[in-house]
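Every chain is named by a letter (A, B, C, D and E) in the order it is written, and numbering of its residues begins at 1.
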Amino acid sequence: MTFFDFLSIVVGVLLLVIAFLAINSKKLINSVLFLSALSMLAVVAFVLMKAPDVAITEAVIGSGLVTSLFVFTLLSVREEKLK
Amino acid sequence: MIQYASIFLFVLGLYGLFINKNVIKLIVSLNVMEIGLFIFIISIGYVGDNAIAPIISNTQDLGLIYVDPLPQALVLTAIVIGVGTTALALAIAKSIYNTYQTFDLDEMEESA
Amino acid sequence: MASIEFLILFLVGAGIIAYLLTKLNTIVGSIFTIFTVMFVFVSLAQYGFGMDIITTVKILPGISFSQSYLGFYFAILIVFIYLMVSFFHPYFIDKYKYKDSYNLLFLLSLAGILGAFYTNNFLNLFFFFEIIIWTTMFLIPQGKSKEAAVSYFGFSLAGSVSLLLGVFVIFNSTGTFNINDSLALLSGNSAVLVFALFLIAAFAKLGAFPLHIWLPITHGNAPDPFSPVLSGALVKLGGFIAVLALIKITPATVMFRAMDIPIGHYLVAILGGLTIVFGTLMAIKEDDAKKLLAYSSMSHGGYILVAFSILNSMAFAGGFYHILAHALASAGAFMAIAAVSRVTGTTKIKELGGMIHKMPITYLAYLIAIISMAGIPPMGGFISKWLIFQAVIDKGMVFVGVAVFFGSVGSFLYVFRPLAALFLGQEFTEYKHVKEAPILMLIPTFVLMGLNIYTGVFPAAFLKVINNIIVELGYTGITYTTYVISGNNGVLNPALISLVFVVGILIAFIIFILLKKSRKVELMDTYTAGNFIHDEHLFHYSTDFYAPLERLYEKQSHWMTTFYRALAEKVKELGKLGKYLFMSKSLSVTLLWIISIIIFLLWGEVL
Amino acid sequence: MNVVFLIAIPLLAAFISILIKKYASYLLVAVGLFNIAVLIFSKNGIVFIGGFDTTISANLLGITLLLDTYTRIALWVVNVLILVIAVLNIKTYRDYGSILLLAMAGLNGLLLTNDLFNLFVFLEISGIAAYLLSTSNKKPVSTFRYLLYGAIGSSLFLFGVVILYSMYGTLNMVVMIREISASNNYTEVILPFILMFIGLGVEAKLLPFNAWVKGVLGNSNVLSGPMIAGVYMAAMSFVLGRLVTNLFVFEGTLLTVVTLILVLGIVVGDLMAFSSSKVREILLFSSIAQSSIIILLFVNGLTIWAVYLIVANALSKTVMFLVINKATAETENDEVDSLKGLFVHNNIVGLTFTLAALSVMGLPLLVGFVIKLNYLTALAGAGQITLIAVILLASLIEGIYLVRLLVKLWYKGEKDLRVEYHFSFKMVFIAIALSLLVFGNYSTPLNELDNSIDTVSEVVNNG
Amino acid sequence: MRKLFGLAITFALGLVIILALNNTVNFPAFGEVNLSERISGAYLSEDNVEEVGSANLVTSIVIGFRTFDTLGEVTVLFISSLGVAFILGRKKQKRMNLNFKPNFMLRVGSNILLAIILVTSFYIILHGHLSPGGGFPGGAMIASSVLLLYLADDRFRSNIKGFKLLEGFAGSLFVIIGLLGLVFATAFFANYLPTGTIGNFLSAGIIPIIYVLIGLKVGSEIAGIIDNFLTEEERA
C-alpha cells in the first residue's frame, strides 16, 4: 500500500463521514460547518490527485465563499427571530 | 478508492435530498452531491502515482507524465456554476423565510 | 358537370359567405344556406345516380376520391336531410348564442360528409370524420345543455379513434390505405382486430348498445333544427362504418354452423337486438319528446346492425332501406317537434297538449313519421322491417327475432305517447295564441310526408338503387318488380297493402263521421270526485302512461348511465393517483423514481 | 453571418443592459430582431470557436457549434417566440429584460453547441434564467423546487457526460458518435445515457422527473407561462431530440424502459389533465403528455414529425397560456368554473384559443392534425401498433377534457367576465392561429422540409 | 424508517453504479488512464501548447481551447448575481445588524489585511497562465476582501453601482475580445495576440487579459451577491 493509497482511504472515509454528518445534523449551522469541512477535505483530495488549480478555486470559492453565504443566510434568519 | 468515495458522496447527496425537508439542508445536500461529482471528475483524470500536475515551465517538460488537464478545467467551470446555483438557492431560501417564517417545507404546506 | 372536389370547396366557400351574410342579417344568411344546400343536392342528384360525378380533379392535395353506389346512397340521403333542415334555419337561428357561426359550421359539416362518402382513402375518411365531429360539436352546445357537446364529442371521438386504430392495423398488414383494396386483403387475426375496432366505431357513431348514452343527451339537448340532422343523418355514419366492417371485410371469425353466419356477426346481431330492446324500453319511459325520439333512433340503429350482420342480400336490402326510411321518418318527427318547440319553447311531454288544433299540418307530419317508425304500412318503415324480418326468420335467429318483433311492438307504444301528449289531449292556456308553422317550414314538412308515404307504397325506385349497392358489395340483388317484392317466405305487395289500408282508413273515417257521438267540452266543464275544477290544472293522461310496464325495469334503466359516469369518475381518480405518484410536492418521490430506474436498468448489467 | 452572434450578442447585450437598466427591454427587442437577421443570413455548417481546428477530426481541440436545418428550425422558434413574448411584456415586466436576454443566449447556445460539456454550461444558464423567470410568479417555494430539480437534473447530466468522456476521451458530440458506433457495444453506455436522459428529462418535462412543473406553471403569469411552457419546452425537446436521435443508442432494456417512461408520461399526463379543475393545470398536464409524445417520436426515429409537433405545440401552448394567464391575472383564480364565459366578450381571442386547442387535439384543418396523422402513419409503417393505440387512447382523453374546457369558456356562467386583451396580444394570437390554420391546409412546405433535415450522421460520416 | 430506506436505496444505487463502471471495459480504472486515447493527449502535444502559449495547461484549456465554456461560466455567475439582487434587493435596504461593535484595531487591521489580500489576488490573476490560480480564485479573493470590509465595519456599504459598472464593462469587454477574434483572426475567441515564450509573464496572448477581466467580473459579482446577503429591508 502506497502513501497515496493510505491517504486516499483516510480522505475517502472522512469525506463520507463528514458528508453524512452534514446531511444528518440537527442544527443548521452545524450542517453548514460540516459542509465547509467537507469542502476543505475535497481540497485535500484535489491536491492529492494533482489538481492545484481546482484545489485553490475550491478552497476560495467552495469552502470560503459558499460557507459565508450560508452563514449570512442563517444570520439573517436569526435576526428575524430576535425581532 | 477515492473514486468510489466520490460516487458514494454523490449518492449521499441524493440521500440528503431524499430525506431532508429543510430548505437549507436541501441546499447543503445539493452541495455534497456536487462535491462528490467534482471529485469523481478529477478522479477520472488521474493518471497514476507518478504523474504530476499539468503545469510546465518550458516546452521540454512535455515529455513528462501529466494528469489529464481537461477534467480539471471542467471542474473549474463546474465549481463556479455550482456557486452560482447555490447563491441563487440561498437567496430564494431567504425569500421563502421572509414569506413563511420557516425553512421547513412541510410546515410551509401547513401554513399555506 | 359536378366534380366532388368542386362541391366540397363550394360548400366551404359558401360557408364563409354564409358566415358573413349571417353576421349582417340572419335571415339572409339562412336563406343563402338553403340555396347552397339545394345546389349541392341538385348537382348530386343530377349526376350521382349515374355515377357521373367527376372524382379525378386534383385540387385538394393529398385527398383522393372515387365514387361508389354505397357512398352515393349515404351522401344523397344525408344531403337531402340537410336540405330539409336548412329550411328551418331562418326561424331558429336567432335563438342561438353564436348565430354567425351556425350556418358556417352547418355547411362545413356537410362538406365533411360529402368528402367522407366519396373518398377512397381511409386517412381521408378519418379526416372528414373528424371535420364532421368538430364542426357539429360546436353546434350542439348552442342548444340547451353545454355538457351534451362533451358527451357527443367524447363518444364520437372514441369512435374515430377506434376507426383510426383499425385503419393503422389495416395499413400495417396490407400496406395500403385504399378503402376498397385493403379491406379485401385483410385476413387472419388482423381482420378480426379491424372488425372489432371498426365495429366499436360503428357502435359509437350509431349509438348502439353499449355505447349509446350520448344519444339521448345529445339529441335531447341539441338545437331543435339540429336534432333531425343528428338523428337522420349523422348517426348514419355509423351505418356506413358498419357496412365496411360487417360486409366489406372478409369474415374472419369462426363460422357458426347452425345459422351459417360467422360468430362475430352473430354477436353483432345479438348486440343489435339488445340495442333494439334497450332503446325501446328507454323510449317508453322517457318524458322528453326529443329524448324519446333519440331512444327510438337508438333502437332503429339496432335494426340496421341486425340487418348488416346477417350476410344475405335480403337483409342488406332491409338494412339499406331502413336507413332511408328511418332517416326520413326521424327527420320528419324531429322537425315536427322542432316546429312545436319553436312556438312553445319546450319539448317536455308534461308541458304540452292539444297542439292538433293549432298545428294540424305538423300533427299530420308527425303522425306519418311515427307510423313509418313503428313499421306500419303504408309507410317506408314497414317495407324495411318486413325485409329484415324475412332475413332474421330465414336464419332462425331466435333471440334476435324476438328482439326485432319486440322493437316493432314497442315502437308503437312509445311513438304514440308524444302524439297523444303533444298533439292530442287537453289544450294548454298558455299556448292559446300559437299558430301553425310558417310556410317555409311547411315545405320540408310536406316533402317528408310525401316521401314517407312514397317509400312505403312504391319501394321499387329505391330498391333499384339499393340493388346496385348490393351487387357492388358482391352479392346478388333481391328480386322485385314494380309492385311485388319477393322474399324466401313470401311476397310483399306494398301498393296493394297500402290500398287496402287507405280503404280501411276511409271506411273508419266515414264511420267516425257518421256515428260521431262525442261533444266538445271546455276545459273547466268537468268535475271530479264530486267537485268542480276551479283551476286549469291538467290531468295529463300521457304522464305515467305505461307505469306498470315501467315499474318492471325502473331500477335497471340507469345502469349504463351510471356505468359511464362511474367510468369518468374512475378515470379522474386515476388522474389523481397519477398526480399523487408523480406530481407530489415531495422531492423524495421523484428521487425514488430516478434511483429505481437507474438501479433497474443497471441490474442486468451488473449481475 | 457567423452563428456565434446568436450567443455572443445577447450576452453582450445582457452585460450592457445592467448598465442601462431603463432600456434593457428595448435592447432585448433590438437583439431579438438582430438574431432573426443572423438566422436569415447565416449558412448551415460547423463553426469552430477559438480557431484551433478547421475540420472535424478525432483530435478536435476547441468547442464547435453546429448549425443544420434541424437547429435552424429550433432557433427560429426560440428567437421569434422570445421576441414576441418580450414585445408583449415590454410594459408589464420591465425588470426581466436582462434575464430574457440571458435566456435567449442560453437557449441559443444549448441548441447550437456541439460539445457536451458546453451543453451542460448552457443548460445551467438557461436553467437559472428559467428559475428567475419563475420568480415572477411570486411563489418562492415552487421556484425553489424548480431550482432543486434543475440542479439535480444537470448534475446527473454532467455525471453522464463525464463518464462518456472517460470512456471515449472526447466531449465533442460528433466525434463521440463516431467513437460509440465504432466500439459498437451498447451495454456499456447504458449508465451514461440514462443519466443524461434523466438529466434532460427533468427540463423537458418528462413524467416521473417533472414534479416541478405543477408549481411553476400552475402559478404562471403572462411572462413565465409562455416562456416555460412554450419556449423552454420547445428548446429542451429539441436538445433532447438531438441527443436521442444522434447520440443515444437505445436498444434492449434501455429502449424498453425509455419507451415505458414515455408511454407512462403520455397516458398519465392526459389522465392528470382530465382530473384537474384548474385551467392552467389542464394545460400544463396536457403539455407533459405532448412532450412525452415528442420524445417518443424521436426515440422511434421520426425526427421530422417530432420537430413539427414541437413547433406546433410551442405555438399553441404560447397562445393558450397567454390567454389564460392574462385572464387569471384579473380573476386571480384559475378554476375552470371561475373562468366560464371568458370568450363571450372576446370572440377573437376565443376563436384563436379554440383553434390552438383543436390543433393540440389534432383535429383536421389545423396543423396538429396533419402532424398527428403523419406520425401515426409512420409509426404504423414501423409496426408500432401498440404505441399508436396508446397515443390514440391518450388523445381521446385529451379531446374530452379540452372540449369540456372549451365549452365552458365559451358559455357564460353566473357572472359576467370581462377581460381586456391588448391589441398586440390579439395580433399575436391571430398570427399564430392563422399559421396553424394555413399549415394545416397547405402542408406541402412541411413535406419539402422533410428532405432537407439532414442529421448529424452526415456530418459524422463526411466530416 | 424513511432514513434507513433512503440510505439503503441510495447505497444500492452507489454500489450498482460502481459495479457497472467496473464492468465497463471502456471505462478506465482509477489511475490507469491512458491520455493518448483522449483528447487531452492532443492538448499536451507541443504544437498545441505553443499555439496557446500558457504554461499552466489547465489555463490553456480553460481560457484557450474552451474559452467558450468560461464565457458561459461567467454568465452563470452573472445571472445568479443578477438573480440574487432580483430576489433579495427589490426595495432599498440597510445593512444587516451583525450585533457586534468593531473597534479601532479591527478596522485598521482589516485595512492592512485588505491591502494584502488585494495584492495577492491580483498576483494570482495575473499569473493565471503560469501557476495555479487565475481569474476565478483571484476574483473570489477580491470579493473576500470586500467581505472583510463588511465584517469589519457594521455600517459599511460598498458602492454597488460601481460594482455593477465594473461587472458590465468587464463582461462586455470579454465578449468584445471574443468578437475581435472574428475581426483579427477567423474565429470567435481566436488568440490573435502574439503568444510569446512559454513560461514568461508576458506570454499566452489574450489569456492574461481575459483573466484580468474575469477576475474583475467575478470579484464584483460575488461582492454584489455578498452585499445582497448582508443587507435587509429597511424597517420603519
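As a convention for this text, a residue touches a chain if its C-beta (ideal position, glycine included) is under 8 Å from a C-beta of that chain, and two chains touch if they have at least 3 such contacts.
Because the structure is a prediction, the values reported are computed rather than measured.
Chemist: Can you list every chain in contact with both chain A and chain B?
Modeler: Touching chain A as well as chain B, we find E.
Chemist: Chains touching chain C and chain D alike, please list them.
Modeler: For chain C paired with chain D, the chains in contact with each are B, E, in label order.
Chemist: Average the C-alpha coordinates of each chain, average all protein C-alpha coordinates together, and give the chain whose average is closest to the overall one.
Modeler: So the chain nearest the centre of the shown protein is D.
Chemist: Can you give the whole-Å distance between the Cα centres of chain B and chain D?
Modeler: One centre to the other, that is 28 Å.
Chemist: What whole-Å value do you get for the distance between chain A and chain D if each is reduced to the mean of its CA atoms?
Modeler: For chain A versus chain D, the centre distance works out to 37 Å.
Chemist: Using Cα averages as centroids, what's the distance between chain B and chain C in whole Å?
Modeler: It comes to 67 Å between the two C-alpha centres.
Chemist: Just curious, how far off is chain E from chain A if you go by their C-alpha centres, in Å?
Modeler: Chain centres of chain A and chain E, defined by C-alpha means, are spaced 18 Å apart.
Chemist: Going by the touch rule set out above, which residues of chain E reach two or more other chains?
Modeler: 2-3, 6, 9-10, 13, 17, 20-21, 23, 28, 33, 38-40, 43, 56, 58, 66, 69, 72-73, 76, 79-80, 83, 87, 132, 136, 225, 229
Chemist: Can you list the chain A residues in contact with two or more other chains?
Modeler: 51-54, 57, 61, 65, 69, 73, 76
Chemist: In chain D, which residues are in touch with two or more of the other chains?
Modeler: Those would be 117, 121, 124, 128, 131-132, 135, 140, 148, 152, 163, 165-166, 171, 190-191.
Chemist: Which chains touch, pair by pair?
Modeler: Once each pair is checked, the touching ones are A-B, A-E, B-C, B-D, B-E, C-D, C-E, D-E.
Chemist: Residues of chain E touching chain D in their complex?
Modeler: Going by the criterion above, the answer is residues 17, 20-21, 23-28, 33, 37-43, 48, 51, 64-69, 71-73, 75-76, 78-80, 82-83, 86-87, 164-165, 167-169, 171-172, 174-176, 178-179, 181-182, 185-191.
Chemist: With touch defined as at the start, can you tell me which chain B residues reach chain A in the complex?
Modeler: Contacts found on chain B: 1-2, 4-6, 8-9, 12-13, 15-16, 19-20, 22, 24-25, 27-29, 31-32, 35-36, 38-39, 42-43, 45-46, 49, 51-55, 67, 72, 75-76, 79-80, 82-83, 86-87, 90, 93-94, 97-98, 101, 103.
Chemist: What part of chain B is in contact with chain D in the complex they form?
Modeler: On the chain B side, the touching residues are 10, 14, 17, 23, 26, 30, 33-34, 37, 40-41, 44, 70-71, 74, 77-78, 81, 84-85, 88-89, 92-93, 95-96, 99-100, 105, 108, 112.
Chemist: List the residues on chain A that touch chain E in their complex, please.
Modeler: 24, 51-57, 59-61, 64-65, 68-69, 72-73, 75-76, 79
Chemist: Show me the residue ranges of chain A that touch chain B in the complex, using the header's touch definition.
Modeler: 2, 4-5, 8-9, 11-13, 15-16, 19-20, 22-23, 28, 31-32, 35, 38-39, 42, 45-46, 48-54, 57-58, 61-62, 65-66, 69-70, 73-74, 76-77, 80
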